[in-house]
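Note that the chains are named A, B, C, D and E in the order they appear, and that numbering of residues resets to 1 at the start of each chain.
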Amino acid sequence: MISQRFFAAGADRRIAITISILIGVAVIVPTLNIAVAPDSAFHVPSYLVALVGKYLCYALLALALDLVWGFCGILSLGHGAFFALGGYAMGMYLMRQIGDRGVYANPLLPDFMVFLNWKELPWFWHGFDHFWFAALMVMAVPGLLAFVFGWFAFRSRVTGVYLSIITQAMTYALLLAFFRNDMGFGGNNGLTDFKDILGFNVQANTTRSALFAASAATLALGVFVTWRIIGSRYGKLLMAVRDAESRTRFLGWRAENVKLFAFTVSAVMAGIAGALYVPQVGIINPGEFDPANSIEVVVWAAVGGRGTIVGPIIGAVLVNAGKSWFTGALPEFWLFALGGLFIAVTLFLPSGIVGMWDSWQAKRSGRKAAADAADATAVPEMAIAPAAIVRGGRPAAGAAPEPQPAE
Amino acid sequence: MGFLRNVVAAGLMLAATLVCAAADEAELRQLVAKFADANNFQATEAVVRELGATGSPAVEGLLTALSQGSLYVRKADDAIFVGDEVGPDIKLRDPLNGEAVGTVAKAGLTKIKVNNTLRRVIRDALGGLTLGSNDPAVRLAAADTMFKNPDPATIAALDAAIAGEAVDSVKARLEQARASAVLLSDLGEADKMAAIDILSSRADQDSLSQLSRFQASAEGPLRASAAAAVATIDQSLALWQVGQNVWYGISLGSVLLLAAIGLAITFGVMGVINMAHGEMVMLGAYTTFVVQQVIRDTAPGLFDWSLAIALPMAFLVSGAVGLAIERGVIRFLYGRPLETLLATWGVSLILQQAVRTIFGPTNQEVGTPTWMSGSFQLGQLAITWNRLCIVVFCLAVFALLLHVMKRTPWGLQMRAVTQNRRMAASMGIRTPRVDALTFALGSGIAGIAGVALSQIDNVSPNFGQGYIIDSFMVVVFGGVGNLWGTFVGAMSLGILNKFLEPYTGAVLGKIMVLVLIILFIQKRPRGLFALKGRAVEA
Amino acid sequence: MSKANTILYLDGVSVSFDGFRAINNLSLVLDKGEMRAIIGPNGAGKTTMMDIVTGKTRPDAGEVYFDGNVDLTRHDEADIAMLGIGRKFQKPTVFENHCVEDNLLLSLKGPRSILPALFSRRSTAENKRIDDIFDIIRLGHRRGDLAASLSHGQKQWLEIGMLLAQDPKLLLVDEPVAGMTDAETEETARLLKQIAETHSVIVVEHDMHFVRELGVKVTCLHEGSVLSEGSLDFVSADERVVEVYLGR
Amino acid sequence: DDTIKVGVLHSLSGTMAISETTLKDTMLFLIEEQNKKGGLLGKKLEAVVVDPASDWPLFAEKARQLIEQDKVAAVFGCWTSSSRKSVLPVFEELNGLLFYPVQYEGEESQRNVFYTGAAPNQQAIPAVDYLMSEDGGSVKRWVLAGTDYVYPQTTNKILKAYLESKGVAGEDIMVNYTPFGHSDWQTIVSDIKKFGSAGKKTAVVSTINGDANVPFYKELGNQGVKAEDIPVVAFSVGEEELAGLDTTPLVGHLAAWNYFQSVDAPANAEFIDAWKAYTKNDKRVTNDPMEAHVIGFNMWVKAVEKAATTDPDAVIDAIVGVSVPNLTGGFSTMMPNHHITKPVLIGEIQADGQFETVWETPGLVVGDEWSDYLPDSKSLIADWRAPMSCGNFNVATGKCGGKAGTTN
Amino acid sequence: MLEVTNAILHYGAAEALRGVSLTAEAGKITCVLGRNGVGKTSLMRSIVGHNRLTSGSVAFEGKALDRSAAYDRARSGIAFVPQGREIFPLLTVKENLETGYAPLGRADRNVPGHVFELFPVLRQMLSRRGGDLSGGQQQQLAIGRSLVMRPKLLVLDEPTEGIQPSIIKDIGRAIRYLRDSTGIGVLLVEQYLDFCRDLADVVYIMDRGQIMHRGQAEDLDNPEVRKLIMV
């Protein structure tokens, strides 16, 4: 079984497989959607393309969160805000692309502004008619917010739940702010009714497929970047900060900078995820800032396996697929199913799906090693590792002592 | 409110029957009969005015009944009656002397419709009529009505009433009512000067607006003196405004504290990131609903006691659910606080949906006992009884909890267990029991908070969601694990909010509070009442 | 007193916690290249003194200078560590989720900014250094194990290893032999003496055999200030030291 | 096959479940009734219920699923404008049909959507007219209180323009916005009291949404703001919201809708009885959005029968001009702008939680999608009949607004 | 009074105890010695119930403890002073001591006088938070706390670590005093050889998860035995 080999693989191999799968999906799914006749068994309906494309964006968001939460112990309850900001930046570009095709046919102002009687484009909307500018903002706005926020918070040594709660306060404040019509982002209706992206109709199948491919490829890139970060000395440092922040300071490391870098990178990743998400779902509104959304992201990562690279991806896809399916199949009872799933995961898969798999593997190989060692007569010392350690990767979860809790 | 109204109405009835004989009854009956022909609001209004103009106390009862929508026309003969609904039937009384006349099916009657304009006209008419009532409270109410609707034509009547008034407080109000009428009259400057003095001594919003309106139209010394009075009142009101904001802040703070206090235990003390906390509050609110429902069905007389009955019930219900959650899920997660977030999030979804399935998605009506309805005046502060009760209740719960945590062995064991579960066990503390009971206590407290909060918010499956973020904010802002921190945190956030709100509006105010929390945490990274020193870093 | 040629210079340092004076007008001078043993009753302020030097605790009053002219009160922990002060904690604190080797790797002397950490690869010099340290701390057979799975004494050794990896100018060593066997204690003493040939060292210990083994000047703290100072024999002959510390 | 699927897209969980669940039940009820009558075009109707969970992007996903996967013939759903905005592109792209049953801010007309709730001119403006009239108390001073989002903001914008056109001074209008789910109304209610004590007759126009209403009314009651003194007229408070309240202190406060449960009409009595029987609950109330679904559903049925197919294009063509009885005793007609004609009723809250109609428009009011009180929409009209077939025709320029190229 | 038979303990796949058998008797001081990482702490923690044995058994006063939880073991009279102190950092010194009341009857709920005699510093610091104390003070608190429970068996894991010499002497005296006056059993893990030799009635030496030697305190002077604890 592929999945067998996949899960059993060492960290590096697993990453390679994940990236290949993502690239493969990026190529195959659009092909099956566009090039295969709709009545063929191999045809992938557009409905699925859009759906899975959305999941991939969520997966990137979950991966971004895991970079700070899983590897650096920063439980951000406000990552939805970075996602939403990236989404808004993209949404603003898409709004500007509507041009005079809006309902009021105003060439400059988006409909909601006309309709609220605005006379000119607010300053912060300038530049968004260029894709490159929007693309820059997709990364710069969340990145900058994360940088400023993190700069203050980490310097003041805000940690644990205190940090979690102020990130939540941040996204909540943004939620309220973006709800206001006066903010100039379309109030609670948000930005919608998009027409073109880079000159292509967003509703066209080909565009949708292209966006899907872009999402898959970006996720693959995200996996690669995260993997490189985690594998580097900085990655080890990141985990050291997670486990014993003050100790790293006494070794001369600036823990605040370590965290700030990860937090900013993560925010940028979340922003990109948001930017890819918006053209695929066709709307961005303040609901994305809802603190509950950010908590859900945490839940995805936890379900898949915190502190692993593949875990959050699996978690995001699984939980969201479950949600899509349950809300259709059991519209009145799906919350029981979803709630039950979360409880079951914590009880039976305490380190998430991937984490559990790892520790199960570790136990197995550990036992095998122990058995081998027992055969060898001269055991120098307690030479057997308590848990198989993946060199350069993360130690096996489960057997490993828990990282410092958020508080 | 309704209760109060009934009392007043009954009093009026009595007064009416006593003096009825004096009025020319036949004439009144003729007037009353006109209601039958009045088929629109204007016509009805005209009849009311005519009745009011008779000055006969005998019509008080029927006017009151009219404003309450219980005046009927019998279809058979166009006769007018006051009616009391009894199931599908209506018990009829004579409109003037209140004698029972019999019972008729609803279909046989037409209700005389009222609207707000009409209600106001009736109230004004009653105000004139009840000036001579035997009950000082009624006279007081009449004086207030006349004060709010000043009419120079009433000066004479007021003069007479003042002359005959024995109760000082009522007399003062009558004089104020007279003064307000004087300002609109064409009396001389001296009278008006005196009136300005009287009004400025009242120093409330109403006298302020009357004086400023007068000031706008007055000239010369009157204008100056009115302006001076306006300025004084403004000043005193500004002070009261501060007091009012403080009070609103305290009462909002109490709500926050009540919502957060259970979390201060489950999260603050035990370290469980309890996302199902809001649902524990919700269960308390639904328990209140069920208790009230049972009382309504079986013993309506006990309704005023419903909250007292609901409190222990809610504590038990939420506590039991909390116990079940702890035994079923949380106990497997100690030492892994982050996973409690995931599991309790799941629990929260399930509880919400369970309530939705059982009770339906819509709001449930939780009534307010009469003793908690309405408001009373403290100087220029209008203090509503339900808020006052919540403040007092919240302080009581807080004091009790503080006692349990700090002064009982159980409290000590709770804290020991959460700080080092393994070592606590080695000290002979039965950790599972302490865990279970602590979580149950936190949940139970959340439940009784739900009883209180059901009085001000809508009881729906989302009830708890509305409080969860604020609760975490309060606990964290105050400093996790510190009950006093939670207390001070809730109160200061409440007061801050209420001082910002008038300037920024509710939305910006809330945003600013959030931003201030973020900034504050930079200054004190471990909350308001941060624990310092090695003990924390260890 | 001149600060020149001192590696550490404390003068009139005081600090109190909630009104309790943990350090009281403490003055202490350590010359470059010197090794000093500090003893004193539990709660005398030894660890607090190290906290002050490493920037963990800010003194309420007094001067703290490093290397003659660097005012340590103006620097934070990371700065101070980069200046060349390393510390071993009383309670061993290691990165439990890292393997033993990575604990050392993160401690190795070198640049401490993000970008190099992101892109640097391990050099052969670094490998050699790590191997050397493993030889000293005798944990080579456990280099791949999680630090969390070490026993208490092994963690002590690992901390010493991390301190060595930092290669600081001044080493602050808090109770290095607590929980070690007598043989290991002697081993540690030898190691410290060897280090002291090229570094300045402050050692805090309650183990008098060990202190004697070191054979250096001893300072006895009591209630936050110096009670007695001199050779071990001198200090242990001091009645007050016997009274409050050594016991009869 | 032999069924026609009908999509029901209402939140059954999350914040909006409180309002939308009833609409889902209404749809199931209507479909069952229709099937009892023999279905449609000889086929049985089958409801496909999904739960978009008050999550706007999920609305779009579910809409897509309903149309593409389940191949429903029409969708009845959405409540908030955000959810509608979120699904609009989907309906446009996949050429589905959406019946939207809730009062909204207007400024929209889309080929695939039928707006069976009130536009601002079918609710807000008549309500203000009433309050300005002698019957309504000749109100001179206005508090426009709403939840801080698009529907209240737009409605208030329209109202403000309207009031000013009627000579109300700026200082006599107080606008106040609160966050969603606002529950501490002490300051605002006391501000309203203060604003109302200036001697001029004052009224509150409330566009406060959903959950926030109960605490608002509780505070009004407790602070003793009486309807005779300062009436509150609400656009989002119906029978369902009042069911969670003790209304005794609120008697006389007002709401403006196109339907009340208390309306004395045979069609209504029949509907209420059938509804109570269907839900097996004697206490279940009915409300305005339910009536909108009744009207919308019947219109769709009639249009499908007329077109003899459920094909969206055919139905879109057939439905304009279709008239069906509403529950207030008259007929509602689907207009070319995809809005319908409705009577406007003002009701006073009664002690039993019902409304008593105190005023109604003499005739039916046509939903005005583009407000006449906003400068940029003044000259727009919508007409989805051929040949114009345009949702935003500019009568000034004689051109079909921005969508000229994309309408099909 | 305490009997460990053939205890085997695994951490994951690693075997930390490989069939350890040991007895500790009332009125006697039993000392366990051994190099770093040989499993002393693991053994103690298995006895008090912090680790669950893979196999083998622990019996106290004739009753098997294998299935009972740590708190039941404590309630049956085993008090534990762990390596690393593990005081409750946010409780005051007084409260730390009072946690020992849990297994006691109402009448016994007081701090025995000898605790303060032994560790006078604790009396001065009653209202300070445990976590703020210095390392040695914490160690003293941990020992004092265990005495509050009036144990029948006192399990001490390197109790002298970080404690000033004079107090080490006091602790030695106190342990002896407790043994002689109340007849409790003491199970002591130590690295500090002199301390051990002075106190021990019985000595066990461990290596690599096994007991290598059982004997008397005097055995420690035997170079053969000494070699077992040398590097």
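To be clear about the criterion, a contact is a pair of C-beta atoms (placed from the backbone, for glycine too) under 8 Å apart; a residue touches a chain by one contact, two chains touch by 3 or more.
Bear in mind the structure is a predicted one, so any value in this text is a computation, not a measurement.
Enquirer: Out of A-D and A-C, which chain pair has the most contact pairs?
Expert: A-D
Enquirer: Which chain has its C-alpha centre closest to the mean of all protein C-alpha atoms shown?
Expert: A
Enquirer: Of all the other chains, whose mean CA position lies farthest from subunit C?
Expert: Centroid comparison gives D as the farthest chain from subunit C.
Enquirer: Would you kindly tell me how far, in whole Å, the mean C-alpha position of subunit C lies from that of subunit A?
Expert: Here subunit A and subunit C have centroids separated by 43 Å.
Enquirer: For subunit B versus subunit D, what separation do you get between their C-alpha means, in angstrom?
Expert: The mean C-alpha positions of subunit B and subunit D differ by 30 Å.
Enquirer: For subunit D versus subunit E, what separation do you get between their C-alpha means, in angstrom?
Expert: A distance of 75 Å separates the two centres.
Enquirer: Just the number, please: Cα centre separation of subunit B and subunit C in whole Å.
Expert: Centre-to-centre distance between subunit B and subunit C: 65 Å.
Enquirer: So which stretches of subunit B touch two or more other chains?
Expert: Counting only residues that touch two or more other chains, subunit B contributes 352-353, 465, 507, 510, 533.
Enquirer: If you look at subunit E, which of its residues touch at least two other chains?
Expert: 11, 14, 37, 132
Enquirer: Could you list which residues of subunit D touch at least two other chains?
Expert: 12-13, 148, 177, 179
Enquirer: Over in the complex, which subunit D residues touch subunit A? Could you list them?
Expert: Interface residues on subunit D, with respect to subunit A: 12-13, 49-53, 55-58, 60-62, 64-65, 68-69, 80-82, 85-86, 88-90, 92-93, 107-108, 148-150, 153-154, 157, 177, 179-180, 374-377, 380, 391-392, 394, 399, 401-406.
Enquirer: Considering only the defined contacts, which subunit B positions touch subunit D in the complex?
Expert: Touching subunit D: residues 1-2, 41-42, 69, 113, 115-117, 119-120, 123, 205-206, 209-210, 213, 244-245, 248, 251-252, 255, 352-353, 356, 360-368, 373-375, 382, 384-387, 455-462, 465-466, 497-498, 501-502, 505-507, 510 of subunit B.
Enquirer: Which bits of subunit B are touching subunit E when the two form their complex?
Expert: Residues of subunit B touching subunit E: 409, 412-413, 415-416, 419-420, 422-432, 481, 531, 533-536, 538.
Enquirer: Could you please specify the touching residues of subunit C with respect to subunit E in the complex?
Expert: So the residues of subunit C in touch with subunit E come to 17, 20, 40-44, 46-48, 90-91, 138, 149-154, 156-157, 175, 178-184, 187, 206, 208, 244-248.
Enquirer: Under the definition above, what is the set of subunit E residues touching subunit C in their complex?
Expert: Of all residues in subunit E, those touching subunit C are 11, 14, 35-38, 41, 83-84, 121, 128, 132-137, 139-140, 158, 161-170, 191, 193, 229-231.
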